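As structure tokens, here come the structures.
In the two complexes that follow, chain A is the common piece, with chain B as its partner first and chain C second.
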Partner chain A sequence: MFGSAEAAQAHGGGLISDWGGMYLTTAWGVMALLVLIAVLATRNMQKVPSGLQNVVEFLIEGMYNFLEGMLGPERVKKYFPLLMTFFLFILASNYIGLLPWVGHEGPEAGGIGKYIPPTANLSVTAALAIIVFMSNHIFGLLTHGLGYFKHFFSPMWWMLPLNLIEEVVRPVSLAMRLYGNIFGHELVVGSLLAMVPYFVPVPIQLLGVLTGAIQAFVFTLLATTYIAGATEKHH
Partner chain B sequence: MTIVSGLIAIGAGLAVGLGAIGAGVGQGIAAGKAFESIARQPEATGTVRTLLFIALAFMETLTIYGLVIALMLYGKLGA
Partner chain C sequence: MDFNIKLMAWSFVNFLALLYILNKLLYKPMLQMLDDRKRTIAESFQQAESARQEADRIKGQYQGQLAEAKKEAQEIIERATKMGEEMREDIVKNAKVEADRAIKQAHTEITREKNQAVAALRQEVATLAVLAAGKVVGKSISVQDHEKMVKEFVDEVGDLPC
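Right, the complex of A and B next:
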């Protein structure tokens, strides 16, 4: 949180996507981290995994089996790379906010610091939501052809406006949910830090560990349900 | 600080505060029912948990809308 309304004005006054600092730097940091882990885990792979390879395989396999229950054995193979990328990127982005020099800052800075987690910026989460929106419809078109548009007229033709509104609300709510949760968390920690610098923000920080994982999971889950709905075989 | 700024501040507080009431009640009911059904049918835990997460996400979105409105109002505070 900014110390004064004037500071908020200086940071773009009302345009909430401009709040906070350098999200692109941290976004590139997250990407570099993920690539590094992927390279380290897959270099010199063994039949019986151990160490880092074991951890990564556990994570990937757990998510794969979970999504297989929702998508079925064929579709999960097709869409898993995209969905798992969402999960890993969002998880790493949320957790990078737990680092001491990212996100909230001490009382002298009054809240949001220079570096913020990428998901604490509306532009980043909106970009992710737009990817979900586009891929959802493209996968639907690839599966059903032009017959895909029939589902806008179901169950009755006069439901068309409602269906269209739903399609718009989906990416908006995806973006807002992720942004609001992560940015709100940083805001709460920053405000508490400004009031009581020691020990009091710790439980909220611990809550952030939970929130970060749940939000990454929920985003992936919703993207999966949308894609599952669009590519479902009816007949 | 003028009267207008004060009203904006009250509005920002109410936007997220009132929004949280409904979502809190809704999430409580949904979670309670989910626990009940898991207790009754432990073998359906996986399905119930997935559905619960989706439902909670939708309810939570309403509060987050309130939070976003509050942030927008906060940005207008100095204007």
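Right, the complex of A and C next:
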């Protein structure tokens, strides 16, 4: 990362920072948290919900209904788990950066935290984008068979290069957007913390609440659009 | 910007694992439950609707029965009124007949009494007349003569209208 290698070296580290192990540790933490919430929310489920079950239900049902509006009642059943997992993982990853003991990127703070939002690392967001890319084409192939490749030649055969470029740009933009937003946020907060540890970073942190939700939603929304486009029965 | 293949591969695997776990632990049971709830609510609405229809039906039935009962009551009252009327007429008629009969009987009685009285009066008048005549003539008349004369007189007078 920017400066992280130097920072790690400055702190005499390099053991975990050299390949980004702290991102992985945090990612596992995020996953463990999500699984814990899942277990708590679905344990002893009631028809009349309350507490945690209510919150999780609100998220799941809200996202399900939203995706149903985009995909229709048939496809949403198939693709909902994937898309919801994108949303939950990215949202939890973004928000984990708001916790006080999670370190921030930055010239000074870079090496302090062992835990850094996984989505502030391009390798992580790239993995997510690759999953979108792959699932999008796999679902397209499963839906249309080999006829799926026809859409690369539409509307005219000589559009093929442009279509291919678009297919490559999509995951790259997905990965860069998410990484850029979260990393940028962490960088700003880290810099501000290094300069003025009190009060000043608070508005930026509040902005992070907004950014975290918006980026998680945008990623999910775009993934849904791609999958919807690839699996649409248009002929 | 260093790009780390190892971290990317880990993230890839992580995500698929998370997808699998969450699908099993969260999405499936929760969506199933939401579906169940939706069905339960739909069923409840259906039940409420059918209960309402049943209530409407019973209400209609009761209203019908009530109207019928009212009609019947009206009929009974009418019948009773008619019967009362008839009875009244009957009684009045009977009373009239009875009264007529009583009047007629009274008339005949009166007539008979009158006739009797007239007859008695005649007899008395005749006797008095004969007595008076006897006094005038100056001699008494024997009982036989007397009776004979009375008889003659009565026969004579009897034809006269009184």
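In this text, the second predicted complex is superposed on the first by the 204 of 235 C-alpha atoms of A that agree within 3 Å, B and C clash if a C-alpha of one lies under 4 Å from a C-alpha of the other, contacts with A are read in each partner's own complex, and residues count from 1 in each chain.
Note that in this section a contact is a pair of C-beta atoms (placed from the backbone, for glycine too) under 8 Å apart; a residue touches a chain by one contact, two chains touch by 3 or more.
Keep in mind that this is a model prediction, so the values were computed, not measured.
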{"item": "First (chain B), second (chain C), both or neither touched by A:147", "value": "neither"}
{"item": "Touched partner set for A:118, first chain B, second chain C, both or neither", "value": "second"}
{"item": "Partner chain in contact with A:84 - chain B first, chain C second, else both or neither", "value": "second"}
{"item": "Touching partner for A:51 - first (chain B), second (chain C), both, neither", "value": "neither"}
{"item": "Which superposed partner A:173 touches (first chain B, second chain C, both, neither)", "value": "first"}
{"item": "Winner by number of chain A residues touched, once chain B and chain C are compared", "value": "C"}
{"item": "First (chain B), second (chain C), both or neither touched by A:218", "value": "first"}
{"item": "Doubly contacted chain A residues - partners chain C and chain B", "value": "5, 19"}
{"item": "Contacting residues of chain B [partner chain A, same complex]", "value": "5, 46, 50, 53-54, 56-58, 60-61, 64-65, 67-68, 71-72, 74-79"}
{"item": "Parts of chain C lying in touch with chain A, wherever the complex brings them together", "value": "1-12, 14-19, 21-23, 25-27, 29-31, 33-34, 36-37, 40"}
{"item": "For the chain A and chain C complex, residues of the former touching the latter", "value": "1-2, 5, 19-21, 23-24, 27-28, 31, 34-35, 38-39, 41-42, 45, 47, 56-57, 60-61, 64, 80-82, 84-85, 88-89, 118, 121-124, 126-128, 130-131"}
{"item": "Residue numbers on chain A that touch chain B, as the complex places them", "value": "4-6, 8-9, 12-16, 19, 69-70, 173, 176-177, 179-181, 183-184, 214, 217-218, 221-222, 225"}
